[in-house]
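First, the structure itself, so that you have it in front of you.
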Amino acid sequence: MFVHSLSLDAASQIVDEALRQGRSRNFQPLTVVVLDAAGVVKALKRDDGASLMRPEICIGKAWGALALGFGGRELARRAEKMPGFMNAASDLAGGRMVPVAGGVLVKDDKGVIVGAVGITGDTSDNDEICAVEAIKAAGFTPDTGA
Amino acid sequence: MFVHSLSLDAASQIVDEALRQGRSRNFQPLTVVVLDAAGVVKALKRDDGASLMRPEICIGKAWGALALGFGGRELARRAEKMPGFMNAASDLAGGRMVPVAGGVLVKDDKGVIVGAVGITGDTSDNDEICAVEAIKAAGFTPDTGA
Amino acid sequence: MFVHSLSLDAASQIVDEALRQGRSRNFQPLTVVVLDAAGVVKALKRDDGASLMRPEICIGKAWGALALGFGGRELARRAEKMPGFMNAASDLAGGRMVPVAGGVLVKDDKGVIVGAVGITGDTSDNDEICAVEAIKAAGFTPDTGA
Amino acid sequence: MFVHSLSLDAASQIVDEALRQGRSRNFQPLTVVVLDAAGVVKALKRDDGASLMRPEICIGKAWGALALGFGGRELARRAEKMPGFMNAASDLAGGRMVPVAGGVLVKDDKGVIVGAVGITGDTSDNDEICAVEAIKAAGFTPDTGA
């Protein structure tokens, strides 16, 4: 079985493009992570002025998406409809599951999940915009769970 | 990049003034912590009669504010509007995020966050009053998230 | 049953005197905590320039002493002779047991344990000197486990 | 009190130069992190082929150095001389303290700690070489704890 997973080059490109998107839109300072298909960090950058827990939050957004296999918006919907489930999943994940927009799956041209992007710093909607644009710019397909 | 952070002298002054405020107003016994910009304790005092978990609670109020970059009232609002997010953030923080009033950011005259104060013991509103007064008395600007 | 435990006044006096001792001896920046007889923080100060994990370490020294009922030097001896026991105790304590000198029990004139002091920053021997002097200056009897 | 901390630009430069050093020396795939003075990730990259736990390990090397205030070689010496202390410190840190070479403090021209670099992937000695070269290339002074 071959697994298609993001290279460091692709991950670095996504991180830098997402930060550039946030700055050009005058968003709050962003923290951006790209995880590979195994859920492990390939690249992470935290912009100057971002607060202390931002790395954990963006990793939690991306990891939560990979962990359950759908984007952050679907996680948010389930957290609202089934809070008991999502609280339990959060505990089970040791906290690494943050059910809001801004966790976006990265898919290749066959629809295979090759990683995930997590962004935090501005509103969840704005975080997500940067993730979507950066994933597209790198030639992949974003899945927000919308 | 230079970061302005609270000195021990400033932190000690804030802790003592907050305890004095609480006593002069006949509040319940307070526990007061001042964290520096790195989220690490500079000074903490727990008044006689305060119960066992007060140090963790006041640290959680101050650390949560620094972790996300806004005061405890905004954390409380988000906990109400997005309980799934705040539960996840609390898990992620190992519990060190207590989303109620009484966690107050300390800003310098340029608006830079230089630390945070957390107080617990009386009502959250009263805890916050003592934090605000003590931060002002030390020449800094409080940000409650209101 | 009456339990004799340190007041905040006594704890504050010990913390300030220990910091003064360290500064007057040109020791590295110290972090000093005083726990009451229940093992809960009464007062903690971390001097300017102290590194990030110092609060946890000084609390671990003081709490470990209270947890087993003897000073840090005895904890260190047991860690050397019975490493399996002390590793297990550390796990059991969630890490809050640091078996080295610098964790000193505070006893009243009847020999009753009324709290503990933990200091970190310089060598363990120097940390302990400051704890011992500060406890004596406050009118209590130090027990280092020597 | 002003604290000098690494910018994202400086952190990114260090991460990229360290990866370049490793590749040019034919080292095993490296994972490199730069933490700011608060111990929080500014930038992290994990090269293609690096194994799963590499992010945690490099963060543990860098964080351990900042937590105690000296480089990884000094942590390693203490782990050898005082295994009880270092095991306890590791527990206390929730595992985020990896006492080997490859965790290097970053100091400015006044000797102030402004962050730390952690590298893992090849031997600890080789990891450290890449950290030292990258810190120098960015205009800072490395402190390995040697």
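A, B, C and D label the chains in the order they appear, each numbered from 1.
In this text, a contact is a pair of C-beta atoms (placed from the backbone, for glycine too) under 8 Å apart; a residue touches a chain by one contact, two chains touch by 3 or more.
Note that the structure is a prediction, hence the values are computed from the model and not measured.
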Touching both chain A and chain D (chains): B
Interchain centroid distance [CA atoms averaged], chain B/chain D, Å: 31
Centre-of-Cα separation between chain B and chain A, whole angstrom: 30
Gap in Å, rounded to a whole number, between the CA centres of chain C and chain A: 44
Residues of chain B touching at least two other chains: 1, 7, 38-40, 94
All pairs of touching chains, each written as two labels joined by a dash: A-B, A-D, B-C, B-D, C-D
Touching residues (chain side chain D, partner chain B) in the complex: 1-7, 10, 37-40, 94
Contacting residues of chain C [partner chain B, same complex]: 7-8, 11-12, 38, 40-48, 52, 54-55
Of chain C, residues touching chain D in the complex: 48, 50-53, 56-57, 60, 64, 76, 79-80, 83, 86-87, 90-91, 93-100
Parts of chain D lying in touch with chain C, wherever the complex brings them together: 1, 38-39, 63, 66-69, 82-85, 87-89, 91-94, 97, 113
